[in-house]
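Heads up, the next two complexes both have chain A, just with different partners, chain B and then chain C.
Entry: the complex of A and B
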């Protein structure tokens, strides 16, 4: 039982969730980073890792006792790369949105009403209109 | 029901497929085919009619069955029992004459709409044949919905007119909604009986008994009845039928008088052997039928538009059919279906001729057309007499037979309102209908020629007059006259064997001997008939005085307007709700997403019977180095969250990343350690670059309640996720079926097959190579996106500078 690490993970989740709920693009990027780290550590713990086990380097295919399970680090490896990619896209979007709209508050962005949609229906235009 | 031997027949699917094939042909090639499309549809109707007529006789039932969805016991099952065959013959027979009529009638219409018209008409005919011949409840439902859809297309034929669109939409809403409710009923029946097969249920007393004993039976019947009532325009769903009269007249004649609206009574006939013994059967059907019958009769008498008159009397007749089924009078019902299809079809087609000829359907402006339209006049007289129930037409036989039934059936005396009331109501409705028939025929054809009924006008009334280029159809009077003569012929034949034979064929449960004869036999039915006739004449003569009585029924609160308002407010409500819920606030979406985790996980935990009490906490196995890292991680996280400057936040986040990579050391995972360090370094550079262009944190970004809400959501989310994590680590709850670590597992395979000692690497590039390929694709896509996003502005500003 790795209670201290579980508590640290809980803090990461809470901090990440709180950050992405704040009305600031940069804090959302930070929160996203915290959440990805939290998930990666969570996979380590769920994977049943023990700090006493050996790294998964196989010398003899018939003697694999005491080695780490290679699947969780494998999945985590992919997750790290993907979250980097998504984080980079987020950051770029932050920058571009700020450049275009002059704000880093997602709530302050103009909400496009349906009538603004190019070629889309005006508000309520989908309703049948009856002649009286 | 008499036992019939069942013989497999391929004629049934052929008769059913013919109209659908023609529908596809007409819809796809319609523009090129022109008026020929109409002839093909008529030929298909005739072909189906002849195929069905040629089926084996009365001691055998043709059937066809191929598995369709065997997993849930649904077959593509057709069966031509006498009742179904009768209805199918009615559909294809009337369909032939209507198609014939429509060739000429529609010839002056907009050519672009004709492929859709013929396609929908043929598809409708196929679907009606499908309803008649289906032996599977789901199949029947499918065809039922096709009739609703094709009816929508046909009512909205003149799609540039708002009234046509609104009428089509109204009919679709009511009938399709009813169809969905019918589907629920069908599924309930199948659930209780274990089969979708209609003959399998109706022919098995044990299944019927199981259904009747089931607590689901009233619900199932109720759902089926909603389907029936919407389709056949029964009160309180009667309002769509008059509005459907914006359809071209052949459509009104075919769909909204002769066939589609009879699908409701037809289904009642199918359900009578199954649900007939249910206590709610008679009271519900009889009451709804009575109300619809009287309402339609009264409104018909008040209308002045020819098609509106016919629509209202159709409603009345449909109510009467429902009433008869309520009392289990299946054979009278079938007779009345036939009679009504013939006379009402004929009258509608005559109304179309009058409309074409005089450019009005308003009785107040019509009159004296008998010399100009002698043959339609003859058809109208015959059909009107059948409608009024005058001998020797079929209508008379029908009326005698149902008076007889109403006076003798035990089911009628068991009805709460009593026999006297029912008979009086029926006589009254008949008096009104007969008076309306007189009003229709006399008002249109006799009397003086009126001002408004002038021939001429700027658009030519008859296509075959003005358009010699295309092959036009037969004269318009052919079809109504044929249908009206049919009513006469069947009336005359009734004395011999046709009608009795028909009654024999469809009789399912007979309460007393049923005999009709053209020669009136003295008795109460005849006196009722004659009394009714006299009253009808009196009512017709007093029509002017009756017209001065204020009509209090459905004038101020028209049900169709109420329905439309209801539908419109539903749409407004939906819009309001989604505008409030999906208001564009990303925070709200994120909070909802985060909260869905505790909700869903909580449900799953509650089902598994797990809670925080099941977590077993034991001492940490972490070395002191690991404990130290955990403390550092907590501190770095707190700093990253509470940072007041962007730089603080960036550095704290990077620190978190590096601490996590150190933890990977503790957990002996060199591969992810290296990856994490690499990525963390690149990210830091990236973040710092972006920081150059971004503004600082605002001093105060959220209101106090907003902060508290965010903290609450984050806390709940984190607690539940951690609970799941702790539960997953609790020794008794986790399964240690580790496929990788056992001998011969992934670890061994990595070296033996992958040829690499580092199992993680081998899995990444070898075993999960497709996954990794996808990962690289994501990286490339993100790279392209970033490039495009950053470049977009430059291109635009350059364009702006150039302009």
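Entry: the complex of A and C
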């Protein structure tokens, strides 16, 4: 069972890395999604995954062998929640940048924006474009 | 002692409280400041208690040590907490003069408290997984603060910052998984006990797995070659809170390197990781300062200096690979962190005053601040000289201690890089000084607000003078904290109970440790 899982992890990592390097916001978002799933699968493998292991409900405290380690799934659960929240924020940011600049190519964005910069951007007018 | 939890509980409740007071800006910022000041008093008390009684541990839910979630306050944690809360208090008193109504409407204060929650959490946690969670909490707070005001530039730079940190978070989980599969535990004290006896192929595997975590922490700290996101992101942070970003956020990475790579991973072969850091530190220092030299905006110059200064701290951690000078090197690093947080935060705050007075952040448009506001100029002058390492300020002493340790270990090339960087730092500080502070004052009287901004900033500038002139108690504390990091016997006993057996470095290497304090006292 470990080999197929390892191959799946490798494919997900490769796909994620490839997508993140594409010059397109949407592909970058998808790439991070693939990457976080690769990480979650890796975590399962690291916890000593075996197909015959039982769920960790301990009936007899003196016999715990043959049970699945509960810590990696626990970590995965937290990691999923966090990557979901940050992924949603990232997608929103991509959309806002796309709307502001009219391009979904990160390379096409201007290098500097001097007009926003005078007096420090945070002290600047707080451009009203954001709310429509 | 369960009171340790207060350092994360207070920011958490304050974040909720400030969000509820959202319609009343004055009450909101008052609550923000009062909460920060109260917690500052608490963490200084905690430092005194930990210094006297040893590490304080709080186990969540009452589960026993390697299984439950541990919050541990040892000397290093408490030093970092004191710095974090002191800078947060200064920032909380500074921002009422700078935060715009739009930023306030974008939940500036609650987000700042979330940021503080994450930073304090990362300093107090005793387990690797919680370190990951605290990183994420801190980052979510920092994304929010960074975007407050929502100019185009801010949203776009935050996008890059979020992408970099998403990658860092994914790698962090990879590192956690690999380390867990080798040592079978995530509690730092437990890992330290296990790895101090590790040998053979498992030790080598752990060193290989730890490289992933090394990359994550180096990314967070802004060390070469993973610093590229920093000089673009920090200049867009709203005025005032950028002092907190500059002072604390990269130092969370430094703290993690200290905690994880010096204290927790003790297997033979870990020197390899520290050796990488030593080489990276030289590049970090030199590249950072060269970047600073060619910038023409005050915030960008200062942001590049963060990179350059991170090099010195990483250098101290790298020097710890040499067992003979490990304790002295870590003590020097801790003292450098103290100095750096104070000085960097004050430079950003005073730089903000200069921007406020001249109405621009570009050096070529500034000028005459020394005429318009002599007090602010004095503050900047002291902080800048301290950053460059001039006596009698804290920067001189921090660099002296670090360089002397490197010379003890015969690392001459790194000393050459450190000293050259110091000169170049002075050069770029002179550039800010001559363009922004000297010259004629051109037009209207300065906005009167700057005095209210200068008062909190002057506290930090005073701290750098005190650290330089009355350094012995701080050096003693840094030295004791370093001993607790290099050989965390008390830490392990406090977390795992007195029967836990940690093989100290001296036992492992059959070497007598050279202590910093024993030599340094007259």
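To be clear about the criterion, the second predicted complex is superposed on the first by the 111 of 132 C-alpha atoms of A that agree within 3 Å, B and C clash if a C-alpha of one lies under 4 Å from a C-alpha of the other, contacts with A are read in each partner's own complex, and residues count from 1 in each chain.
In the analysis below, contacts are C-beta pairs under 8 Å (C-beta built on N, C-alpha and C of every residue); 3 or more make two chains touch, one makes a residue touch a chain.
Here the structure is a predicted model, which means the values were calculated and not measured.
Of the two partner chains placed by the overlay, chain B and chain C both lie in contact with A:20.
Contacts of A:86 after superposition on the shared chain: both chain B and chain C are touched. In the superposition on chain A, contact is made by A:34 with chain B only, not with chain C. In the superposition on chain A, A:4 contacts chain B only, with no contact to chain C. By the touch criterion stated above, A:95 is placed in contact with chain B alone, chain C being left untouched. A count of residues in chain A touched by chain B and by chain C gives the higher number to B.
Overlap of the chain B and chain C contact sets on chain A: residues 20, 40, 42, 45-46, 48, 71, 78, 82, 85-87, 89, 93-94, 96, 100, 123-124, 126-127, 129-130. Considering their complex, residues 20, 28, 32, 35-36, 38-40, 42-43, 45-48, 71-72, 75, 78-79, 82-83, 85-87, 89-90, 93-94, 96-97, 100-101, 109, 113, 116-127, 129-130 of chain A touch chain C. Within the complex formed with chain A, the residues of chain C that make contact are 98, 100, 102-103, 129, 132-133, 136, 139-140, 143, 148-156, 158-159, 162-163, 165-167, 169-170, 173-174, 176-178, 180-181, 186, 235-239, 242, 297, 299, 352, 355-356, 359-362, 365. Interface residues of chain B facing chain A in the complex, by the touch rule stated above, are 162-163, 166, 169, 564, 567-568, 571-572, 575, 583-587, 590-591, 594, 616-623, 626-627, 630-631, 633-634, 637-638, 640-641, 643, 646, 649-650, 653, 656-657, 660, 663-664, 666-672, 675-676, 679, 682-683, 686-687, 690-691, 693-695, 697-698, 701-702, 706, 709-711, 713-715, 717-719, 721-722, 725-726, 728-729, 734, 736, 738, 740-743, 745-752, 757-760, 763-764, 768, 771-772, 775, 778-779, 782, 785-786, 789-790, 792-793. Chain A contributes residues 1-27, 29-31, 33-34, 37, 40-42, 44-46, 48-62, 64-65, 67-71, 73-74, 76-78, 80-82, 84-89, 91-96, 98-100, 104-107, 111-112, 123-124, 126-131 to its touches with chain B in the complex.
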